[in-house]
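The structure's right below; bear with me while I get my questions together.
Every chain is named by a letter (A, B, C, D, E, F, G and H) in the order it is written, and numbering of its residues begins at 1.
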Amino acid sequence: MAAGDTDIDGALERLRHLPYEDLGFAKIDHHRALRDSLPEVVLGQGKTAEQVVAIAERLVERSGRLLVTRIGRDVFEQLRERVPDAAYNETARTATVERHPGEALPGICLICAGTADLPVAEEAAVTAELMGNRVERVYDVGVAGLHRLLDHLPQLGEARVLIVVAGMEGALPSVVSGLVAAPVIAVPTSVGYGASFQGIAPLLTMLNSCAPGVAVVNIDNGFGAGYLAAVINRLAHTEGQAPSHRSED
Amino acid sequence: MAAGDTDIDGALERLRHLPYEDLGFAKIDHHRALRDSLPEVVLGQGKTAEQVVAIAERLVERSGRLLVTRIGRDVFEQLRERVPDAAYNETARTATVERHPGEALPGICLICAGTADLPVAEEAAVTAELMGNRVERVYDVGVAGLHRLLDHLPQLGEARVLIVVAGMEGALPSVVSGLVAAPVIAVPTSVGYGASFQGIAPLLTMLNSCAPGVAVVNIDNGFGAGYLAAVINRLAHTEGQAPSHRSED
Amino acid sequence: MAAGDTDIDGALERLRHLPYEDLGFAKIDHHRALRDSLPEVVLGQGKTAEQVVAIAERLVERSGRLLVTRIGRDVFEQLRERVPDAAYNETARTATVERHPGEALPGICLICAGTADLPVAEEAAVTAELMGNRVERVYDVGVAGLHRLLDHLPQLGEARVLIVVAGMEGALPSVVSGLVAAPVIAVPTSVGYGASFQGIAPLLTMLNSCAPGVAVVNIDNGFGAGYLAAVINRLAHTEGQAPSHRSED
Amino acid sequence: MAAGDTDIDGALERLRHLPYEDLGFAKIDHHRALRDSLPEVVLGQGKTAEQVVAIAERLVERSGRLLVTRIGRDVFEQLRERVPDAAYNETARTATVERHPGEALPGICLICAGTADLPVAEEAAVTAELMGNRVERVYDVGVAGLHRLLDHLPQLGEARVLIVVAGMEGALPSVVSGLVAAPVIAVPTSVGYGASFQGIAPLLTMLNSCAPGVAVVNIDNGFGAGYLAAVINRLAHTEGQAPSHRSED
Amino acid sequence: MAAGDTDIDGALERLRHLPYEDLGFAKIDHHRALRDSLPEVVLGQGKTAEQVVAIAERLVERSGRLLVTRIGRDVFEQLRERVPDAAYNETARTATVERHPGEALPGICLICAGTADLPVAEEAAVTAELMGNRVERVYDVGVAGLHRLLDHLPQLGEARVLIVVAGMEGALPSVVSGLVAAPVIAVPTSVGYGASFQGIAPLLTMLNSCAPGVAVVNIDNGFGAGYLAAVINRLAHTEGQAPSHRSED
Amino acid sequence: MAAGDTDIDGALERLRHLPYEDLGFAKIDHHRALRDSLPEVVLGQGKTAEQVVAIAERLVERSGRLLVTRIGRDVFEQLRERVPDAAYNETARTATVERHPGEALPGICLICAGTADLPVAEEAAVTAELMGNRVERVYDVGVAGLHRLLDHLPQLGEARVLIVVAGMEGALPSVVSGLVAAPVIAVPTSVGYGASFQGIAPLLTMLNSCAPGVAVVNIDNGFGAGYLAAVINRLAHTEGQAPSHRSED
Amino acid sequence: MAAGDTDIDGALERLRHLPYEDLGFAKIDHHRALRDSLPEVVLGQGKTAEQVVAIAERLVERSGRLLVTRIGRDVFEQLRERVPDAAYNETARTATVERHPGEALPGICLICAGTADLPVAEEAAVTAELMGNRVERVYDVGVAGLHRLLDHLPQLGEARVLIVVAGMEGALPSVVSGLVAAPVIAVPTSVGYGASFQGIAPLLTMLNSCAPGVAVVNIDNGFGAGYLAAVINRLAHTEGQAPSHRSED
Amino acid sequence: MAAGDTDIDGALERLRHLPYEDLGFAKIDHHRALRDSLPEVVLGQGKTAEQVVAIAERLVERSGRLLVTRIGRDVFEQLRERVPDAAYNETARTATVERHPGEALPGICLICAGTADLPVAEEAAVTAELMGNRVERVYDVGVAGLHRLLDHLPQLGEARVLIVVAGMEGALPSVVSGLVAAPVIAVPTSVGYGASFQGIAPLLTMLNSCAPGVAVVNIDNGFGAGYLAAVINRLAHTEGQAPSHRSED
């Protein structure tokens, strides 16, 4: 069952020599741009403005692309002084740069339960779009108003992968997954009050979904959902090749 | 805003002289039979067989009706020696006696998500039926197979009050409540595994329902749901009178 | 047990063609006004002022009635510029419009444990009143001072449905339910400190109530309790008809 | 504020020379019999039968008194072979010996909510009785049947200290404390089901009691409650002396 | 076992006619001043300044005594305009009035683990002092520096009741209870960080104390601990009489 | 944004007429076999042997394929009497039938941290294999022995989708996801002890993975992981077509 | 800051070629015996008897030493058929082999709070002894009986590293750490009842210890504590050398 | 097993006469400077600026060294007025004084997963450095980028004790511990979002580490980790002597 020694040594060698750059307080991976068609994302939360700008500047220099999540407008203004072509999305609270856009792949459908869940949904959309996908948005379709959801049945049926964002009781992914055969990525949000417990309620609902074909990412993790959807959607457009091989061509 | 002193004294006097019987280890309320059209229920769990039989015997003697919940077949056999007309429901694990059956009121619809939730659903049904109601059962209609539920839309629309029993992710009450205007009593069950946590997941889901008109009872509390549904359904059949007045006629 | 195909098709057809309006970021249901005698409520929390005003304006135009919950005075001031006859309730933090008031139905009794629970209680009261009910308020009657509660026994006995709001230990619904035969809707509040855990303590207390006839809504969910009480109280005044039929006349 | 050095040295000296006996796997304190009028209790749970018997035998030899809690009948039978005058309480699951009984002090009232809470209540009663107290029992008086409790108002008023045992929602201590001026020791029990969570629900209820004068012991800790009630009741009978002084006469 | 009917009727009659005053948003009990030697405490938290002042003014008028807990200095300044002899304790955040001070009873020892726990400890001290007790304070004696605690052994030995306040790991009550025979009231505080979880860690520690004679009040509930200690200490000074009898003389 | 009315009506019509069979206690979906290349799975847990056999028999009759999970050997023996060609997997505790096997698709790599996690891993493997996939197993490669994992780098790199099963601290998916570009489905198991809390610890670890491209299914939900991996792997072999379209050919 | 490339390549090379043996269901590390002076421990829990015996047999063959934890007597009997010189410790539930015993290092002191904590304490002792240490045991010295602990002050002072095992409230490590300057490894046990929650209470207590110099291992993890104590104690006997260098000589 | 009486009396005597200074609100231990080579640390959080300055001033006067943790810059400015040579670390939020620096001991390696974990890591570094150690820092080496960590293998191998700081999923200590033979002190941080729960997720991960040789301190407790690492590292440099003996020379 074990692979040949030469293969292993080669793989280890490649791992060992992946390029990264040491800023002292942070190490920046530049090979991700090659491998995943996305530079390493910068999580803005928990970093000083100086750290965010320093890391972002290096990333965009090398790969021509950038995604900073959870970045306030004030930090973004500092970033723009160094990266003038950075764009800010107010709802998603993201900063992005894309200097070499290609054609967007269809296949991702993004469903969002309530108006208050929009920031998380938009973070997912921005991420998937930056990774080269077109995102079909279906918004404000909670399970208590099934007629709104049923109106979008054809769109759901055309998706290769779906992202479903919901707070409060989080029941939407189960209902959606029962209507389609494609994989569903469920994102619980911390929207809600009372016994929602900052997203624990919808998280548990989604984990306990009675419909197979559903997997869950962390509470409010729009980025993770968008990233995973993009990875899966790319599989659907590149028959017969493993993702890691493709990235090294 | 305060009620008249005479009213208060009268109410207190009635409260003070409610009949009960002291068995030493338990006190039995006999006025419940008068007031609520149900004798005090005997919760079998946590009592010895001797205690269950002693309490049950007194209750049936006075009111001609009996409900014992969470009673195993072995304890039931001991009960039947003293109360030969007691009936056992294997699924619900209840013992019942009804010596003066009347006409059953329509209006309660009982919806159950999965086969494994049946014991809780049947406990609710037995309770509501013993309290004089006819119960319409709609079983095995989880949210991941909406077509099964939509087939029952007319039945749902005719109900005056609905009981919805669900384990796992507990999303069914939200969906049902979006389809009807009648009150929905949601019952989470401890059925499920993994992060269901013995019913906490569906309990939280139901509490966070995005649909108004839903209230929740304790995990696995089929009895409580059946009792409350019966109380509400009776309201729907007796226009213009408060429940407690009615019971003292 | 299955209903006739024609009935199902008719029900589905009605569901499919329920009117709603798409604002892009939100979809507004207009059929609720017909069905439930209440337009869809606008939950102010988690929405921008612009979103609240836009949704509220459409709703009041179509139905002549409006309820916005959890709305601060500043957002309300923006709303009043577009809807001049909107009224603000400082304690409940609600905005309301009622252009076609009818006669209020008696039968709802609202009991509140402590002074700090008043915002939740008033949210319940405003909701039930806007849905056409008269609400009898009994305030500041915690279980540690039974004499205060016993003074209101006559009022309790006259209610067709009771709402009981309590924080801290949340024992009041159990005590009240033991004194009446009508259904009790229990509302835990996040008032309290120490091991109250933002309402978990009273929530658990209420779920575990030893008195049957109690159901629970989410922590601080005054709106949900008022809505459900209104739905039940209407049942008590309209003998022999299911709610959803009534609403389509 | 610091006490005199001589006092401290004396106190330390007394502490240092408290008599105990080393069995290898356990150390037995014999000075407790002198100080607290109770030999160290043996918690049966988690010990082998051999360990229980060995410890119990030494204790009874020295002090003529014994309390073993949470001991099954099978272990008790082994104990009785070595301590023939040991008595077993089936409900409380305790073994006791009292070779020098004195006159029992009045003043402790023990209130128990439900039949299923009896084992915990009886463990408290046995403990307090072995420590020289008379225990007034008031059983099966849950908050949902206030008339049962109000019937015992005179007994409650005569108590110097009250123990209140309750599972499920645990509301009884708050109600009782509102009716008396004496201290109330609340004991949550793991009796209940669903969201009772093995006693967490009543524990939280009791901690959050809106009535002052209530303190709480661990879930199911009848022994602790009985012990504390005995210590407090002794205070009420020995005016003007600190407990630790008294015990060394 | 049941008390005579006449006794019960008398007790109920007394309960029914306890004097209180209705302010609309609150009901004030005036009989507490008679019964408990303390007017009803005003919990400042969760009330508006207007509510606090209105309630406090009535209480002090009737009983000449007042305790407001959790009151900020700004609210206190408003209170002082109406009650000029009110005193403010900065650490405890309490406002007090005592117009008829008597002689303070000795017997309460208050032990506090860390400097950051002082606000809770002082709330307990102020409460017990206002109820007529002298409070011996032993501060900054955590279990990691046993020599500091052992220096106070004589003071501990003289107490009739002890209050032990501790945050972080909450181990102090167990250690103290092993050194004395008097009852120990343990108060967990929300002081700490990391896995202290706002006081849950010390709360659990105290509930699981291996030393009998310990009871616990809610997290940060200095008032409750001071109140209970005062009630117990009074027992120790009034041999042979139940508390509720005494209060009605 | 809304799809055409004709499309919606068509989709609703198809949904409405999906074939299922009503056994009274359960409703069996037969269209799943058409749509998902898997008959509806039978979750053995929580059903009686009679229910399992009845459902399984119908399913295999219609589709020639069957998967029963969490089925004990005793229930399996009853099943085999009716379905003689059913096979039992002792480790996974599954029963399977496959009457029309096709060629297995490569691309799924299943990584398992410890020997005790094997039952969950094998449930995933059996599911994916029955859905037409070949599963590459890499077992016993916990993060504390990186050299074991690094030996399998080539296998990891060839996978189109990976399932990673781990209990205890659940760190393996993060490490694996950092080594590949393909999507990772993480399965926490309830294996472990102490503060593992029946799988909560690895569940939280996986949700908080610092590596993007990871999604999580419920604790011990090997079936869900195997199902989702199969759906994703099929995408990788059928370029340019949405899954639900494909299934209706 | 980065180390030289040659060093890194050498380290990676050593890591890559660590010897292990693949049993199919498990991979056995043989280099641990060289590096850590302990063969990889076999956690008996969650493995079949066959798996335990197979792994144990290989380990003992190669290294002459063996430790199996959490192994029942029945599995041990099967093991002894293949490894006749294996020894069983009834309290610790361990199987051990030591064919080349050396001289035991002094310096580890093991302190245990209660009799019921002995199994965890003994697991720690067996582990440390097998790794070449002498273990000084101090048993049954809970914080509620300080005089017992103070009697052992000299032994505590001589230790280079201490293991403190405690259940219930878990306060012992804080007290011990205040008395010594050596590192303390705290082990919470699941012994206790009520709000101990299977060891969460002592775990939180220990994590929140107000004494520095304390670190915590998992609930009931005697093995981990013994292992870590041995590693630290070896440091104290081999001045000036890093552990990993030493092990490769 | 018991130590000689003279030894015990001597140890107690020393304990009894440990020098401390009483500031009223706090007691300051001066013997710690002698015993542990560190004055008692001042935890800035939860203390007023006046308290911090008063305690710090006394400590530095006596020992010439000082460590204040969790101190804001504003409080530090007040401190510097009284202790002009105090130094402030912006990242760690510590104030330190070291008037008699010695030679730093090598042997501590500090590994930090992410940029946002730096404050906790630096608190550990400052503590260990003040206690006389040299700290090797390896920063930004999360488990999702193994190549960054593998680059530091030689540094890891040279450490006598390692501190590993990580938030989010907290997997780093397990991976590190598998690569070294030295003890690992794991520090979970509250960095993260969603289901990280303020550090509970990494705390559980670390407690459940599958690698032996790992112990855990409280969430964000950099000080505790640095302190313990210093104590262990000193052991590695002073062969054959118990720590407490050494400190009294």
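Methods note: a contact is a pair of C-beta atoms (placed from the backbone, for glycine too) under 8 Å apart; a residue touches a chain by one contact, two chains touch by 3 or more.
If you're wondering where the values come from, they're calculated on a predicted model, not measured in any experiment.
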Pair joined by the larger number of C-beta contacts - A-C, D-E: D-E
Most distant chain from chain D, judged by the mean position of its C-alpha atoms: A
Chain of greatest Cα-centre distance to chain G: C
Computed distance of Cα centres, chain G from chain A, in Å: 43
Euclidean distance of C-alpha centroids - chain A vs chain F, Å: 23
Rounded Å distance, chain C centre to chain E centre (Cα mean): 38
Residue list for chain A, restricted to those that touch at least two other chains: 1-2, 8, 12, 15-16, 114, 145-146, 150-151, 179, 194-196, 200, 203, 207-209, 218-219
Chain C partner contacts - residues on chain A that touch it in the complex: 114-116, 118, 139-141, 145-148, 150-151, 191, 193-196
Residues of chain E defined as touching chain C within the complex: 15-18, 20, 24-27, 29, 43, 45-47, 51, 190, 199-200, 203, 218-221
Sites on chain F touched by chain H in the complex: 113-114, 142-146, 168-171, 174-175, 177-179, 192, 194-197, 200-202, 204-211
Of all residues in chain B, those that touch chain C in their complex: 1-4, 7-8, 10-12, 15, 35-36, 41, 107, 137-138, 150-155, 157-161, 179-183, 185, 203, 207-209, 212-219, 223-224, 227-228, 231-232, 235-240, 242-247
